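Following are the structures in question.
You will see subunit A twice below: alongside subunit B first, and alongside subunit C after that.
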Partner chain A sequence: MALAAFSWQELAQQVVSGLASGGIYASLALALVLIYRATRVINFAQGELATLTTFVAWSLTNHGLNKWVAFPLTLLIAFAGGVALERVVIRPVERAPVLTVVMLTIGLLIGLNGLTAWIWGGETRSFPSLFSTGTVDVGGVAVSYADIGVIGVTLGAVGLISLFFRFTKLGLGMRAVAANPETSPLVGIRVGWMLALGWGLAATLGALSGILVAPTVFLEPNMMQAILLYAFAAAILGGLESPLGAVVGGLLLGVILNLAGRYVPEVGGESRLAVALAVILIVLTIRPSGLFGRTVGRRV
Partner chain B sequence: MRLAWGLRVAAVAAAGLSLAILPFLVGDYRAFELGRMGIFFIAILGLNLLTGYTGQVSIGHGAFMAVGGYTSAILATRCGVPDYLTIPLGGLTAGLAGLLFGIPALRLRGLYLALATFGVAVAMPSIAKHDRLEGLTKGTTGINLPELHSGTWLYGVTWAIAAALFLLAFAIVNSRLGRAFRALRDSEVAASSMGVNPAAYKVAAFGISSFYAGVAGSLYALSNAYVNPDVYFVSLSLFLLIGAVIGGLGSLTGVIAGAAFVQFVPPNASSILDAVSPFAVDSRAPGVPSVILGAALVLVVLLAPTGAGGLLRRISAPLMGRLYTRPGGG
Partner chain C sequence: MSALLELRDVEARYGPVKALHGVSLSVEEGSIVAVLGANGAGKTTILRAISNTVRRSGDIVFAGRRLGRAGPDAVMRLGIAHVPEGRGIFRELSVWDNLRLGAYVRRDRAAVAADAERMLGHFPWIARRRGQAAGTLSGGEQQMLALARALMGRPRLLLLDEPSLGLAPLVVREIFRILAELNERDGLTALVVEQNASVALRVSQSACVLEVGRVVLAGPSTELREHDAVRRSYLGY
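Let's turn to the complex of A and B:
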C-alpha cells in the first residue's frame, strides 16, 4: 500500500521536513554536547530548561512584545539562567563524581518541570511561529517556509557557535578547558567561568530549540520530554564528544524518523520514540563513540 | 557480643509484631497506603542493588515494573492464574527482560547506561500502546484485573514479600556476589584483575534488580486492579531513583526512608509547601509535587550525599560502638 503511493517528490518532501525536525534535535543535541565536552556530564535537565525558557518567550509575546524582540530577549534570559544555574547548583559539586552531578541534573529535570507547570499551569497552548505559512516550489518539490526557516536558523546558530569557538579568545579558552582542565588555569584561563559560559551557551541553544519546536508540538510543560530523547539519540549517533557530530546526528535522525514514519507501517506517531531508543542501543552496542567520536583507551 | 545479638533479635521480633497488628489499628485506607509504600520499598531495594552496590545507574526501572505488572495482568485475565501466584512470575519475566537488556548495557558505562535506561523509560508507554502488542496489552485502555483486594490484604502480602526480599538482598550484599558487585562499583579494572568477570556480574545485577522491580510492578498492578501505559508513567522511574538517593545509595536500611518519601511526599506536597514557604503561594497548583521532589533530590545530593542510610550510620555508629565494645577494651 505504502509502496504503491511512492513518488520521488514525496520522498524529497519527507527528507526536507525530516531535516527541519532534525535541526531542532540538533540544536538540543549540540547543547548536550557542549556541556558533555566541558564537564563529562549529561545534563538531563536540558529539555526542561528549554521548556521553561519557551514559556518565558510565550509570556513576553503574550504581553504584547513583538516576537522579533521577545525571542532574542528570551535567548539572553536563557543564557543568564544557564550561567546562574551552573554557578549556584553545579559549582558545589564540580569535583564530585560524574554520577553525583547527573543525579543533580535529574533533580533539576523534575524540579524545573514542576516549576513550569506551577507558574503556567498544565494546559496546552499555541505558540507563534517565527515563519509565515505557505510553501515554495523547489524543483517540483513543495517545501514549507517553516521548514526552510527552521533549517536556516539552526544552521545559522551552529555556524555562529563554531565561529565563536574558532576565532574568539573566549571560545579558545572554553576549548582549552574542555581539553585540559588541569593545566588551563596555568595559562590564565578562569576554568569556573568557562564552564558557566558553557552552561549559558547550552541553555541558549536549548531555548532556541524550544522556540522552534513549540509551534508544531504546542507549548506544555512536558513538551521537550520526547525531544530530549531524540536529542540524546542524535548526540550519541554523532558521538557525544563532537559538536559537528551532534549536528549531523540530529539532521540524520530527523530524516530517519520521518522516513520510517512514512514508509515503515509499524512506525508512526509515538512509536518513533521506540525507533530513537533503538538508535541509541544500536549505536552504543556497535560503535559507542558514534559517527564522529574517537575511541579512547581507559586508564586505571 | 551475645547481649547485642539478643537485643537485635528482640528488637526485630518487637518490630515484626507491631508491624503485623498495625493495619488493624490504622484502618483499611492507611493500610493500603502502607502497602503501596512496601511496593516502592521492594522496587527501590532492587534499584539500590544495581545502582548503590554495583554502580550502574538505571533511570528506567519503572519500565521493568511495567513488565511485571503486564505479566500479572495478562496471566490473571487470560490464563486464569490466581493473581497472587502471578507475582513471582511477574518478577521472573521482568528479571528475564532485565537480563536481556543487561547484555547490550554491558558495553555502556555509567552515563551511557543512564541514557539508555532513560530511553527505555520514555519509550515504554509507546511500546505498550503499539498496534502489534495491542492484542496482548489492550493498548491505551489497558487491562482490568479480576479482583480488587482490600488494603489490609495488600499490606500483608506486600510486606511479607518485602521482608523476604530484604533478607535476600541482605544475603546477596554480604556474599561473594555482593563483594563482586561492590568491587565492580569501586573499580572495574581492579575488580577484573582480581578475577571478577565484569560482564557476568553486571548482567546478574541487572537481572536481580529487574526481578525486584517486576515483583513490585506485579504488586502495583494488583493494588490498582488494572494496568495501562499511564500507570507506569515516565516519572515513576525517576521517583524510584529519588527514593534510592534519599534512602542512601549502598544502604539497605535507608531504603525504608526512600520508600516512605516516595509514597507520602507527593500527595502531601501542598501541605509541606505551606509549612516551609515563608510566602503565601498557591500550593495546590499542578507541578508542586514535582518541585518538592526535585528540590529534595537536589538538596540531598548537595548536603547529604549518603542519604538517610548515611545519616543513620553516622548517628548509630557511636552508640553501637559503645554497645559492642567491652569496658576497658579497645
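Let's turn to the complex of A and C:
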C-alpha cells in the first residue's frame, strides 16, 4: 500500500484535530489525576460517570432545553453527583486499603453502565455539537470550528481549574490534602469534604469530556470506554500525580494517535487502542513517573 | 483559677496496644508545660489524644468544654494547634503556602496578613524562600516553619512534639527562645513534648515525667530540675 502524498498542510490539519481529541482525553485524564493525587485511587468509574451525565445532557436537550442552558446545567448536576457519590459510596471505605476502594470503583463502573443502559437503552444516538460545522482557513490550513471549539473549551476549563487551585482557599485546602492528608486536619481542613469536592470536580470534567466527544463518537452506554483508556494513557504519559502532566499528556497522545493513524499504514482506527497501550507500556518502562512526575519525594 | 486544658484519666490505644494508662494533667492559661519521658513512653500519644488523632477514652476538657468526639479539624478550630511528630510539613507545597495553611480557618484577612508579617519578623529567612517547595528545607527550617504555621492559627493552646529532634543545639536554642518570648510577651500557652529535658525545663513553668503510659512525676519545672531521678535519667548529671 502506497502512502498518500505528504503535505505540510495536511500534517498541520492532523496535528490540530489530534489536539482536539487530545483535549478530550486531557479533561478525562485530569479527572483521574485529581482523584488519584488525593487518595491514590484510580477511579475506574470515571468514564461511565461521564457517559451517564452526557445522557442527562441529551435528555435535557431532548426535552427542548437550549444546549447552552442544558450543558452548563449538566455540569452542575455532574458536580453534585460526584460529591454525593463520594459522600455516600466512597466515604464508608475511606479508611480501607486503596485496593478495596479501587475494586469499589470497578463495581461502580459496572453498576453505572447498567444503570445508563437501563434508563436510556442500548441504542446509539446522535448528540448535538456545541459548535457549528465548517472550517476556517488558518495560514493555508483548513481547521474545523469543532476542533477549535473543543481545544478552546478544554483549555478554558483546565485554566479555570488551575486558577481555582492556585488562588482560592478551597483550592489551597485541596492541594494540602493531596500533599499531606495526615497533617491537613491539624490545620483545620475538613479532609472528607475536600475529597468530595475532588470527586465533584472530576465528575464535572468527565461530563465536559462526554459532551465534547459525543457528537463525534455518538452517544451510547459504552461510549467512554475507549476514551477512558486513552485518558489512562494520557495520565500515565504525563505522570499520574501531575495535573499539568495530564493535560500535556492528553494533548500529546491525541496528536500521536492521529499522526500514527495517518502516516503509519498498519495503524487503522481499531489499532489506535494498541498504540495507546504501547504508550502506557513504554512510559512505564522508561519513566514510570511520567513526563511531569513529581520531583519532591513523598513522605510515607 | 481553672486550667485551660485538663486531662482526666485519659487512656489511648493503637489497636490492641495500650499506650496511655490513665493520664491526668493540666495546663494553666499562659503557661508552658513540658512532658518528659523516654522513647515509647507515650509522649506523642498524649498530644494525639488531645487532637483526637488516636483512639482514646477519658475526659479532655479545653476551655471549660469537653472535647468528646470532636474530630482533629474541629479541635483545631476550637483553638488547639498541633505540630505533630515529624513536623507535618506539606512537602510539595511552597513555604508560603505552608505558612498560609496555618491560618486556613481564619476569616480576618487583615489580621492574618499582620500575623504573617510578625512570623517573618521571627523567621526572616521565610521571606527569601517563600516560593521554594517546603520539602527541600533543612530539618531546622522545617521545624521553624511548622511552628510558624501553628502560630498563624492564633491558637489558644500550642501542642509541640519534640521540636528539638535532630536539630543543631543552636537551632534548638533559637526555637525555645522564640517560644519563651511568645509566652512572656503574648501569654502563649503550650504543651511541649521533649526529650531534651534541660532545655524544656528551662522554658517551661511546670512539667511531668511519663513512663510507659503513666505520669510518674509532676510539678514546677524548677523543682523537677533539682529532682534526683530527673537529673539522673533526663539531665545526665
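Things worth noting here:
Rule of thumb we're sticking to: the second predicted complex is superposed on the first by the 290 of 300 C-alpha atoms of A that agree within 3 Å, B and C clash if a C-alpha of one lies under 4 Å from a C-alpha of the other, contacts with A are read in each partner's own complex, and residues count from 1 in each chain.
Simple rule for what comes next: a contact is a pair of C-beta atoms (placed from the backbone, for glycine too) under 8 Å apart; a residue touches a chain by one contact, two chains touch by 3 or more.
In this text, all values refer to a predicted model and were calculated from it rather than measured experimentally.
When the shared chain is aligned, subunit B comes close enough to touch A:Thr100, but subunit C does not. Applying the stated contact rule after C-alpha superposition, one finds that A:Ile110 touches subunit B and leaves subunit C untouched. Residue contacts after overlaying the shared chain place A:Gly188 against subunit C, while subunit B stays out of touching range.
When the shared chain is aligned, no partner comes close enough to touch A:Gly156: not subunit B, not subunit C. In the overlay built on the shared chain, the residue A:Lys169 is in contact with subunit C alone; subunit B does not reach it.
Of the two partner chains placed by superposition, only subunit B is touched by A:Phe232; subunit C is not.
Set side by side, subunit B and subunit C differ in how many residues of subunit A they touch, and the one touching more is B. In the superposed pair of complexes, A:Gly121 makes contact with subunit B only, with no contact to subunit C. The residues of subunit A shared by its contacts with subunit B and with subunit C are 298. Of all residues in subunit A, only 169, 172-173, 175-176, 178-180, 182-183, 185-191, 294, 296-299 touch subunit C in the complex they form.
Only residues 40-42, 44, 89, 92-93, 96, 98-100, 102-104, 106-119, 121-122, 221, 225-226, 229, 232-233, 236, 266, 269-271, 273-274, 276-277, 280-281, 284-285, 288, 298, 300 of subunit A touch subunit B when the two sit together in their complex.
Residues 55, 57, 59, 104, 107-108, 110-112, 114-116, 118-120, 122-123, 125-127, 129-132, 187, 189-190, 234-235, 238, 241-242, 245, 282, 285-298, 301-302, 305 of subunit B are the ones that touch subunit A when the two sit in their complex. Against subunit A, in their complex, subunit C makes its touches with residues 51, 53, 71-73, 76-77, 81-82, 84, 86, 88-93, 97, 100-102, 104-105, 133, 135-136, 149, 153.
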